[in-house]
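After this come two complexes, each holding chain A, first together with chain B and then together with chain C.
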Partner chain A sequence: MHKALVMKADACTGCHQCEMMCSYGKVGAFNPAKSVMDITIFDGGAVNVPSTCTQCEDAWCMVVCPVQAITCNPATGAKEVSAEACVGCKVCSIACPFGAINYDPDSGVVSKCDLCKGEPMCVEACPTTALAYVAQDSTGYERMRHNALLAAGL
Partner chain B sequence: MSWTGNILRVDLAAGTCTSEPTNMEWAHDYMGQRGLATKYLVEETDPKVDPLSPDNKMIFATGPLTGTIAPTSGRWSVVCKGPLTGAIACSNSGGFFGAELKNAGWDMVIFEGRSASPVYLDITNDQAELKDASDLWGKSVWDTETALRDRRGDPDVRVASIGLAGENGALYAAIVNDMDRAAGRSGVGAVMGSKQLKAVVVRGTLGVTVNDPMALMKTSNAAKELLAEHAVTGTGLPTHGTQVLMNVINEVGALPTRNGHDVQFDGAHDISAEAMAEVRESDGQANLVSNHACFGCPISCARRSKIDPTHFTVKDKPQYQIVSGGLEYEAAWALGAANGVKDLDALTYANFVCNEQGLDPISLGSTIGAAMDLYGSGAISQEDTGGVALEFGNTEAFVAMVEATARGEGFGKELGQGSRRLCEKYGHPEFSMTVKSQEFPAYDPRGIQGMGLTYATSNRGACHLRSYTVASEVLGIPEKTDPLVTEGKAGLVKAFQDATAAVDSSGTCVFTTFALSGEEIAPMVDAACEGDWSVERFVEVGERIWNMERQYNIAAGFTAADDTLPERLLKDAAKTGPAEGSVNRLDEMLPEYYELRGWDASGVPSAETLGRLGL
Partner chain C sequence: MHYVIAGAGPAAVAAAEHLRELDGDAGVTLIGVQSQPPYSRMAIPYYLTGKVGEEGTYLRRTEDHYEKIGIDLMCGEVVSVEPGTHQVVLADGQQVSYDKLLLATGAEPIIPPVPGMDDPRVQQCWHLEDAKRIIELAKPGARAVQVGAGFIGCIILESWVLREVNLTVLEMGPRMVPRMLGDKAGSLLQSWCESKGVKVHTGVRVSAIESSEEELQVVLDNGEICPADVVIVSTGVKPRLDYLGGSGITIDQGIVIDEHMQTSVPDVYAAGDCAQGLDFSTGKTAVHAVQPTATEHGRVAAANMVGANNLPYKGSLNMNVLDTLGLITCSFGAWEGVDGGDYGELYNPENFQYINLQFKDDVLVGANSVGYHQHLGVLRGLIETRMPLGPWKDKLKDNPVLLADAYVGVNQAALQKAQ
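The block that comes next holds the complex of A and B.
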């Protein structure tokens, strides 16, 4: 079974270690501006929300791409962009309801999470439990368990 | 790599921004940030310069590890001659500004001269331009940062700015970045204000490249594991922040209270980390909202706090009913114990005001404490204070003085000059809890002997962050020493000073040193940078920097007579606690310290020492 990235805002401290590792994987430099994992900081840093592509099954970006530059990696389920095929039309970035795929003017193509071929570097970098890479059918399991504990008054 | 190799030189008088290559010979001898910026200042300015004149320079500096995957890589520093002390000033800050500056491709920005009218520096990668800031002059840090972010239309820009305190020349004005991280000490904000430079806004998208990425990841991961496993960096600081110390230091009997009259505070618990987490009755919330990390930091010691909306300080002021930078230990002590004030929300409000208008809470709190001492002794009266009964423990009076100082109004104008000048003016220099005119922080040297030597010999005036012997004397890191014993402290202080100077020049945070030593940090520098960075070289660079700073201060006019402590610490024994009956025995430590440093009996580095360090 494929695995999925799970992002927990309540555990995120906003340190951007994930962005640094992500950008290193993408462009070979520590450069948060090039990261496809993004931490948004709200309320003066009290709330930090990590977000990236969740790898939709029927991915909008993949469906709308006019040159079939986005394909599904069967090993990971990740929707990957072929830099050779992409023409930089940006239609995918308009189609994505989550804003998880964006155009990079320096490379002339779009960039998105590819799950690092099944070993997401952001998860490895995260010093808290804000990022996890878990079986696809259990992305809500931990939250369910947490809520069950609350309901049980434990 | 991992220096960008570029320095931005900003001539404020001419209004020009020019790029020049980083002097790599100096970078190899002084690493970066504190060390490298100080080297530039030493080479380019007269140590006798008036700190607030156009001839003083101010340098914003990153380190080689700033912006890299190394843990706590968000650090940057401001270096200049300090107006509070007349000594070398180097104030270190976290947040996100430093990493953004490095990502824009700059090792340092050197500001020289003085602008004829208010300006701000606008940086996007290699493009830098001075722009008119007339409309921002008179605004707070918070309003300036918001206005510049809106003006740029980019939520990812980072801003460092001054508030009213820096504009008005308060001598301990801070430069604040990311709303509540500050280059806090020694009055660097006043220097920025004297140059009519309101803010620096930066966006960097170039990335930071390192010499050997795989080696850096390996050494960084090892360091991150040690930080996570350590009781202080893995549990204490993330959970409680630096405020974890309030009850600990009080129990040790080293919490300077009511301007140093006492060493224990009956209100310590009320202003502690534990109190910050307690749920209050009015709104069912706690003062503490969450913790927050600076760029690249796995420790996450910063506090996010919200003041009780019904509290007298904020009930009619919605702009303070927000989540913002909460109390850290030094601020909670200075604003609280030093004044005998134990109202947690009042202290949080004062801390918000320090961030909002750019003030150092340590010097502010200690100066108000000195003023309360003057008031109590009859040296000043309500005629001087504008009708305020400035008694120890008077929360309303304390809040009024914080507001007046932040705005530079009335008696606040005098408080903004710091306690040494205030106490001298009113005939009681002995009431000033300062060394080299800078207020000492939250550790009483009668209860922690090594901190006496730390304060006395700190190159930027009294400071805990130059050699944090509390780690050894109280926390047992790297090994426990007796806080009431002077033996061995000279060596401890020297070792901590050298190591800290190196860490401060690397781009990482000194808080890592609870868990890490040169054995872990030097390999990260080695991986990131050109050249061979052994542990020995790393520490030697620290020692070189320390001696360079000392030489600067001697040239500025300081002598061994300035390596001393307030009389109160040397003559009035602690009244309670484990240190009861103790004074600080500086005279037992200082001569040995000079000797270990390779300095003569008057504290001047010998020719041999200077030669050994290549100075």
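The block that comes next holds the complex of A and C.
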């Protein structure tokens, strides 16, 4: 069973450390705009919700890609984008119903969470327990995702 | 069990792989007319600009992919389907028997019925071979006229500009991409193209192409003449159905399929650009001719072929994203709105930005956007899940940019309720 990135809104303080580290890992600069982990702030900071790709099994992005630029890393289960193969057509970015894969005009290819090859930098950066990278069954992660999908009617 | 698939594009390959996953013992045969490995039409524009080589257009990246997972690739053209004997016939006379058949022969370009289209300097942009020919013709400084500014036209347009040709675009509709973008969005796209040095004429029809040795002359119905060294025709597509005569399979705009992707004939299914399947937004059937519908069709068809029609399809959401010389536009679902609906709009022409959200009650049903590229997928998420937006609807009407926030907010609320 792969480990999963678990996000808990109730423990998130909205400090954006994860976004900073994520962008650093992705593009080598502290620039939240390039982060693939997103913190959405509601009610002036009363509620902060972390979100990123949940690495769906039959990922929409992976299935729709016309050139097999998105593949599953068997070690982590992460759906990874090959920058060499991606032609930048963006069709994955409209096909993902979570909005979790996005085009980067600077690189000409899309970017998404790849779990940093099994050592997610956002988790390292998080000063609280809002982000954790743990075995899926121990966290009820699957149940959480199941509930989310049920709620979303998927 | 032997599954046979006619065609070798994205719908066919998605289906073949899913058939293989679901039924490990069955034979899966893919019959494609091209000699090269299955490739993506969608990747042709990037081949034209040199972003990828020919291999970069292939649907799968390893040479032995199909062999390795036990999919037989056959090169040949299917010329007839005989449901009575459960056979397809190829152009060379070979007969291939199937237990279940998937028709995934895609679409072909529509060539306007006007004189002069047969000159070799008039090119469509459909096959890899067309792309190779265009690369020869579209030399820097050449005068190129593109007939048609539909969605494919607006994607390939960039290829000509990057090849430094002198480009004029002619569109018969009242604006660019008339079937995907509304007035404001289409006009923004047009002024964007013009600001990049492309001449765009809308509301004009080509009545003939006259050729001499030196040049082509594109004659318009208003009497104007556009001289050209190369003409690219991109005037829409139609399903490829020529091989179905006598098969008894019901055809309307495309091959009519039910919610299990089955045609009117038992054991014969259809998927992708050739199929007229259920549309999520209208509940009626339509030919979408876009990649997301093609791959989804392929997978759903495979599941029903294996599982004896036990996976009804909710229909595909028509969606599209274009990058035209750096301006990104997209459309989803009922972007023109629905009866009794309501909308929110942001229009910022100085920055080439536009969002139009269409609602039915407090549910998002369609959208257009110009100049945005972040989190576009949530539009699909919100439309397909029919999530009630609650208080977010008014916030979105005030400020459509809050889309991604609305998506997270609505999901968060639903999650809390479920726990």
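Everything below uses one rule, namely that the second predicted complex is superposed on the first by the 138 of 154 C-alpha atoms of A that agree within 3 Å, B and C clash if a C-alpha of one lies under 4 Å from a C-alpha of the other, contacts with A are read in each partner's own complex, and residues count from 1 in each chain.
Keep this in mind: contacts are C-beta pairs under 8 Å (C-beta built on N, C-alpha and C of every residue); 3 or more make two chains touch, one makes a residue touch a chain.
These numbers were taken from a predicted model, which means no experiment stands behind them.
Q: Once chain A from each complex is brought into register, does chain C clash with chain B or fit beside it?
A: fit
Q: Contacts for A:9 in the overlay, against chain B (first) and chain C (second): which applies, first, second, both or neither?
A: second
Q: Scan A:64 for contacts with chain B and chain C and give back first, second, both or neither.
A: Touch partner of A:64: chain C, not chain B.
Q: Given the touch rule stated above, what does A:17 touch, chain B (first), chain C (second), both, or neither?
A: first
Q: Between chain B and chain C, whom does A:51 touch in the aligned arrangement: first, second, both, or neither?
A: second
Q: Report the partner of chain A that touches more of its residues: chain B or chain C.
A: Chain A has more residues touched by C than by the other partner.
Q: Between chain B (first) and chain C (second), which does A:87 come into contact with in this model arrangement: first, second, both, or neither?
A: In the superposition, A:87 touches chain C alone.
Q: I'd like to know which partner A:100 touches here: chain B for first, chain C for second, both or neither.
A: A:100 contacts chain C only, not chain B.
Q: On the overlay, how many Å separate the closest CA atoms of chain B and chain C?
A: Chain B and chain C, overlaid via chain A, are at closest 5 Å apart by C-alpha.
Q: Common interface residues of chain A with chain B and chain C?
A: 47
Q: Any idea which chain C residues touch chain A in the complex?
A: Those residues of chain C that touch chain A are 10, 14, 40, 42-43, 45-46, 51-52, 56-61, 291-292, 295-296, 299, 319-321, 323, 326, 328, 330, 332, 373-381, 384-387, 404-405, 407-409, 411-412, 414-415, 417-419.
Q: Where on chain A does chain C make contact in their complex?
A: 9, 38, 40, 42, 47, 49, 51, 58, 63-64, 66-68, 85, 87-91, 93-103, 105, 108, 144, 147-148, 150-154
Q: Could you pull out which chain A residues touch chain B in their complex?
A: It is residues 13-17, 20-21, 23-24, 27-34, 43-48, 125, 127-128 of chain A that touch chain B.
Q: Under the touch definition given earlier, write down the residues of chain B that touch chain A in their complex.
A: Touching chain A from chain B are residues 67-69, 71, 96, 99, 103, 156, 179-180, 204-210, 213, 224, 228, 289-298, 300, 302, 304, 322-325.
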